[in-house]
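There are two complexes below, and they share chain A, which is joined by chain B in the first and by chain C in the second.
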Partner chain A sequence: MASRMDELDASEHYTKESEDAAPVLLNIILDTNPIAWAYLSDTLPLPKVVAALLVFINAHLAFNQANKISVIASHVDRAEFLYPTITPSEVQSNEANEMDTVMQNARNGHDTAADDANFYRPFATIASSLNDALRKLFAKTPPSALSNSTTALAGAMTLALAHANKLIVELTPDRSTNPAVITSSALTAPTALHSRILVLSASPASPHQYIPLMNAIFASARLSIPIDVLALTPTSSTFLQQASSTTNGIFLTLQYPHGLLQTLLQAFLPSLPSRGYLVPATQSAVDFRAACFCHRKVVDVGYVCSICLSIFCEPPEGAICFTCGTKLRLQDYGKKPVVTVRKKKRKRQEGDNGVATPSGRMTPAA
Partner chain B sequence: MPAADSDDEYIQTISDEEGDAHRVSNGRRRGDRSTGGRGRNVRAAGFEVSRTWEALEEGVDGTISGAIEGLLDATKRKRATKDTTPFQRGIIRHLILILDLSEAMLEKDLRPSRHLLTLHYAQDFVREYFEQNPISQLGIVGMLDGKAERISDMSGNPEEHVSALQAWRDKQPSGNPSLQNALDMARGALFHAPSHGTREVLVIFGAIYTVDPGDIHDTIKALVLANITCTVVGLSAEVAICRTLVTKTNPSMNPQLAYSVALDETHYRELFMAATTPPPIAAANHQPERDDTGGTLLQMGFPSRIVTPYPSLCACHSQVTRDGYLCPRCNSKACSLPSECRVCGFTLILSTHLARSYHHLFPLLNWYEVTWNMARSQSPSQKHCFACQTSFPEIPTEQSLAEAESRKKKASGLAAAKQPTAVVGRSEQAGTRVLNSSSRPQATHIEGISESGRYGCPTCQTHFCIDCDVFSHAETHNCPGCLAKVGLDHGYGDSDGMDIDASSITKPNGIGNKMTDKDVYGDILKGLEKLLVGVS
Partner chain C sequence: MAETTYKKREGFLRLSQDGKILSWTPRSPPDAAPELTTVVADIANLQQTPPDKPKVMMKVFVKSDKSVEPLVYVFTFSSHNEARTQADSLRDSLSTAIQAAKAVSSNAIIMGQQDQAVSRPSNQLDSIYSDDQLWNNFDLLQDLLQDNTALSRTWTEARKSKPDTITDTQFNKQFWSSRLGLLRAHAIQRTQRTGDYNVLSVIKPRVEDSQIKLNISGDQLTMLLRQYAVVRRAYDENVPPLQEQAFWSRFFTSRLLKKLKGERITDADPKDSVFDKYLSQDNSARLGERISEARVPHTIDLQGNEENHPQRRGNAPDLLMRPTSVEKVPIIRTLNAMSEQLMSQVAPNDIDPSQPIGVDEETFNQLALRDLQGDAAENRLILNVKDQGRFFASGKDTQSDLNLLTSTKTTPSLLLQKLQKSLVTERQGLSIHDLTPSLGLDADSDSDSDDQSGIESKHFSSHHALRSARKQVFGLIKEQRAQNEDTNAAGTNPGNTPLTLIAPKSGLSVEILDRLALTHATTIEFLHYFWSTFLSGDPSRAEEIASLAITLDRANQRIEAVATDAESEREIEVTKLRKAAAERGRRLGKPPVAIDETAIKGGRKAVMRLMEPTINSISTALRKYKEARLSSELENGA
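And now, the complex of A and B:
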């Protein structure tokens, strides 16, 4: 506490202010798995979630004129931007910026929301284009895709990161620098863009995506982009827990479906700088146990191939790693190192007393 | 919160890069002085030293602005384009970093001074090393006053090394360097390194001499016997003994890669940071006494993070904490990972630490440059970068392309006819590259840069912009296209051994009953429509 007081006294007001004023890009990844939503339809229907999400988005945009938003669907067969979207009208006029596109889209579209005089226009455009995109997304999903019980979460995260990176690159004055420099300057420059990711998850992440998902998580950790997770179903995903804990994000399981909006606004709206002054609502115990590659058993003691780092729950058959095909030597873990050394010494002494072999004497030197 | 998370150190790794600010480099002067074989050629081939203006050609639109941007982009992309052969890499590494702290480091030819720049880069190196090799060990040794001095002990904690390096900022480099003493100390420190990891020494050598107490060739022989590989980054000029050291200890590695002399600050950083990538395990592992497999099965513990209502002491520092990780074997508490259990000696690690290295094992393929013709034939409908949605430049018509081509041919034909000798001379100077456009099929083509501003993934054939290309290869190691497009069928699933049958994926209870194909959509669509009405 004392240190925080000192910090405040040390006339850091200017930097504090500018930090707070930096625009925030909020990337929302919405799990649109139809099966999961059908499962949830009694307690938490998707339209209700979208409505709550829209209020949340509006609150975020109202915080700062320059705040930005992107919504990405993590669908069963694809990951796709729901907002901002590329529409045919934009393809014709490449120069049109985001807002124009959306407005054109709204005008061409069949809804009247954007023309309502009582509705703040940017909010209305987001609402209508998000709904449009969602409807299109569901309409073009082939029934065969329903056999997937999981969604393209890793793809959605990669898209979100690439999008955030592009915006940061564009906002950084020196554009010729390499990505590492860009990230460091984005952290220090007062006008830079802060970014974070919010995942609304309704279905478990597939172990198939483990590696790309981990790659995305580490990339966002390096870029200081926290991944917040709101799990809508109690079947919480280990990967998403690890994602938020690795990136200093917030992980919450939705307890009361009716309190969705409340949860969103209270836990996930505060920006990164202001989170330092709040008690985080995250859960702090994290399941870091690994799943073995052979049976997907969750283990807390495992065997790791030193070549490819595959995890096994027991030494694989014939001591051959079936990921990389290397023949592995089993390290003898039954004995403690001290014991082994003593045994060797004793043997050597016996050797010296008996038949002294030159190789035996050479060993300690080599 | 931060104290509870062992991954914090990785998040806060990005430090300022004052070194890169000195981009207007004195590369040429140093290049002349240096005798470094590889460095010189590379630099001469790069656009910075070669005559950049001669590489400029009119773009299809008749301006050169595209070409200038292209040159900048080329450097960007060069960093990201890597060797993607899935080598078996030595991921569990044991490395001793030997820093020259002798008088030679007072030179100011690298700004602000060799000493300060080296300490600065060394800190970056430490952070990057542990980022890339999370379960590896590192130790730092300094050479000064004719002796070797231990800067930090062999350990897996980046913060220890960084603070040890920071302490050296205030001290002045002094005396003569002794390579032999430093190598002997490194050999001692690596002696106990287990056989499943690599044993490496990286020497940063500023001086052009070494003052040794004995025969350094004996030390080199001992290093070879101990399977220690040495690489050297020189700061002044190539030194014969370093060349010998490198050739003897790296029989299978390209000696030019193992020993190079830095030309300027940026080049120095590149050479230094190159050592953070895990080395490929040489096919001919020169270690007859080890069996030729090289692999070992390691037993490790994966503890979960716990938070207790009452604080207790951690086994590692005897500090009072509420959170920590319990050793799965003996239940003693460690406060940060990766570490070894203080009580039973078990290796404790987070599964995420292992995952951090997976991208070395399954690297992302380099993307190809898309020509105008390819852009037209492959995906004429894709007018935006798939990942960030920036629009691509318009694809020119075939006619205008042909016109531009013929215009260029004429121009270069004239130039070649006028000064044939000059062209030859220049191409010899440049070493590997011939700038004369008539000998190259595509005149506007700058190496590594796509004329259409598009880069295509060979797996999913999706096109991306240059920023997303660089970002995907340097940071995420994921292809957004492969993962986002009907993503679950592509690439990763088969190659990584994570393949398991779909039945074992857990489904939320009762999902099967709820699912009646079309109804799912019907309900959702109806709901959305209702919502829209509500909005308006």
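And now, the complex of A and C:
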């Protein structure tokens, strides 16, 4: 006699997801261009910034046990993960069990790190590994690398996005048959992990990186990953304002360098779900300039190909777009405004009074 | 047939019998073939010298494929006495022939259009709603202006203040050129028709003077015949013998009408020989139709599967819709069937047409058999992107960095060393995890002590610094909040127009704001006009530009006028306050309290603040105009 109690209870309440806040992954991109930091060394020396950052990280981790963090250094010629890192010794000994690797990570710094009883171990771990990684990064940089480039911001953002994607896919309950792809249903379903990116930028972004940077911005807008930016100097933010505005992030220029910790904790700490209820402390004016595709000049008003939307500062030769190869029709450009009635016929001159599409109003397709 | 000279040679100009071909033959050699032939259909134009001139000539313009310009043939009529008559008769016959040819061709075009009407309806729509047609349609313009009061105010105001040198048509063209979207939407809205409705429910006979009268419009009749196939059949079969009047009056008193309306047929109803035989036919006809159209195999019958409730014994229609022999409440079936038929002609608006019927996308995806389907076709367009490497080249952007480098006055290697040292020194001597000293935070120190020391503490994270940082963040939040609040509040309370929301905050009254909004709209309109003519580089519009520059000046003056009015309003407020303070002072016996005049918002300052961007744009436009003028004068003079 089968009673009802013997049937499998597949009722909803066992599979209901917990109402607790979903964990948040915070990716911090730290601009480690040594030139920029040398420039800033009187008002805002790097060690103090790292210290403030550590307090911020601790605060973030304290909000939720499952919160995660990752710190990426955007250096002069590359982007690297400062935390979490895998040391070469761990890579070799893949078979070693997890305990060893954890201890290995902790022991990278001074031996006292893991053993200091006054400090909460996860905080201690992060602090020591971050400091060590930073030291190593600077030790590895040859002086010759400094002369040529600015910070590799686009690369760092791509790293952050890849890391976020990996974690989201790991933690989201698998709903489709193809787990490697984030389907739209996975995005709209309650996600297991929210993710955001915080950029601490100290050097002006190179216009050469405009295209990869915009690609990264659109990708994060698609994944609903807000990009918050804290600009440490007033000039260090050419394209980052667009990044925040597109992805609904917060953009702040640091006005009082000594109050860095206060700014960090007050404006950038709230997690993603709570941002819906708070007014963001972001700057209202956004610099929508772009860099032209041909010369990497920063342009305000330019020419845009109607097929592939690539931006030019002046009409390309032969009116053929670089990227897609379509022949473009130039309508009414270069005409000089005629304000007085002329008696003689003159050649029409091509000045800079052409009719142009202001690229300031160009909105990204995401 | 006429004697004519063509290119100084004599010959005869003939129109063929059927009026299709015009030919000219030279007189010598005799019996020569016609040298010049044109098909009459190709003749675009005819010209003839006026009757009072002695010389009689005719010009024929022929369309040709080779050149854009029509070919011209000039014939001089050289008969001695009858040149004029010949020319006239030839001209008459030619013109009739041309008309005939044109009629034929236009018929052909119309026929062709009708044939293609089904396949290319969009072309016709394009022509109805093309830009030129839209703004030439004065009727449409008037209608839209009547509908949209804000637009009409802007239009009348701008018309009033336009400079006199700009004609009305130019002004209209410019005004509507940026509003074609509105026009098009309005035009489409006007041509919308109401959908079908059940006619029988509308037609009700009236009783007048003990006579039953009924009014039906032609429209209703056609709808009636379309919706009820029975009536149509009855009509077709009976009307030649029967009169129309008689047919309809008998129909509306018959039992058939009652059945179609769904009312119960009692024995008291009059029997009608003509209509009663259709009483029983009705059902079977519809049933036959339904059966025939429902023969869809079950596996692919989406509609049927939606209604399929296996627990309920198969795919029969809804309980109410079953054909039963007992006519208990026939109205339900009739009404349902009628509604089904009417609704089938209307596009559904509550379902998303891209979704599969019946199930939502989630379940559909789960149910779909994916393994057996091939790869989905890639719906992407190929962009031939050349040489992508250029986009990602890091390039030598040395500008900014070299500046930084030289300003710090170090070499790269020294720099690195310094940085490394700084990272290390901070951690020596202390437990690395005690960040307090490096952060400069001192929990015990009071903010008061900082202030009393009188100097701004320079150390990191001093209280002063923290306070200022806090203020900065709060300032940003306040700004954001102010912006968001406007948009939010405007949405929630429909009684609030944007003007009533701004009014209390800026201190200006609603009338001033109204005037300001109007001035703003007209100013923007003229700025548009100015820039489009300025940048077109068209020399013929140079005078327009000059007059527009004057208009922009006037726009500035108008803003000034509004500002002065606002100021006077504010003055009234201020005097009121002053009087009140004096009153109070007198009553209390104390000297009047000084009032804070700056607390009273509004006035010229507020107006200027609101209109600042507009004023900037006007001055930019005027500046550009002056520059261009100067440079052109220099060039002209030089």
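Here is the rule we use: the second predicted complex is superposed on the first by the 238 of 366 C-alpha atoms of A that agree within 3 Å, B and C clash if a C-alpha of one lies under 4 Å from a C-alpha of the other, contacts with A are read in each partner's own complex, and residues count from 1 in each chain.
The working rule: a residue touches a chain if its C-beta (ideal position, glycine included) is under 8 Å from a C-beta of that chain, and two chains touch if they have at least 3 such contacts.
All values reported here derive from a predicted model rather than from experimental measurement.
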Mind working out whether A:Ile211 is in touch with chain B, chain C, both or neither, as first, second, both or neither?
both
Quick check on the superposed pair: does A:Ser195 touch chain B, chain C, both, or neither? Answer first, second, both or neither.
neither
Give one of first, second, both or neither to describe whether A:Ala267 is in contact with chain B, with chain C, with both, or with none.
second
Between chain B and chain C, whom does A:Phe81 touch in the aligned arrangement: first, second, both, or neither?
first
Pick one for A:Ser244: touches chain B only (first), chain C only (second), both, or neither.
neither
Does the superposition put A:Ile311 against chain B (first), chain C (second), both, or neither?
first
Which chain, chain B or chain C, is in touch with more residues of chain A?
B
When the two structures are overlaid on chain A, which partner does A:Pro45 contact: first (chain B), second (chain C), both, or neither?
both
Just to be sure I read the superposition right, which of the two partners does A:Pro280 touch: chain B = first, chain C = second, or both, or neither?
both
Looking at the overlay, what does A:Ala127 touch: chain B (first), chain C (second), both, or neither?
both
Going through chain A, the residues touched by chain B and also by chain C turn out to be 34-39, 41, 45-48, 50-51, 112-113, 116, 119, 124, 127-128, 131, 134-135, 138-139, 141, 143, 146, 148-150, 176-177, 203-204, 206-209, 211-212, 280, 284, 293, 296, 307-308, 322-324, 336-337
Note which residues of chain A are touching chain C in the complex, please.
34-39, 41, 45-48, 50-52, 54-55, 109-110, 112-113, 116, 118-119, 123-124, 127-128, 131, 134-135, 138-139, 141, 143-150, 176-177, 185, 203-204, 206-209, 211-212, 252, 255-263, 266-267, 279-284, 293, 296, 307-308, 322-325, 332, 335-343, 346, 348, 353, 355
Help me check something: in the complex, which residues belonging to chain B touch chain A?
1-2, 4-5, 7-8, 10-11, 13-17, 20, 72, 75-76, 79-80, 88, 91-92, 131, 196-197, 225-226, 281, 291, 293-307, 323, 325, 328-329, 345, 350-352, 354-359, 361-362, 383-385, 387-391, 394, 465, 467-468, 470-472, 474-480, 482-488, 492-493, 496-500, 502, 504-508, 510-511, 514-515, 517-521, 523-525, 527-528, 530-532, 534-536
Inside the complex, what are the residues of chain C that reach chain A?
362, 365, 370, 383-387, 390-398, 400-402, 404-405, 407-408, 410-413, 415-416, 418-420, 422-424, 426-427, 431-433, 435, 438-441, 458-462, 464-470, 472-474, 476-477, 479-481, 483-484, 534-539, 541-543, 545-546, 624-625, 628-629, 632-633, 635-636
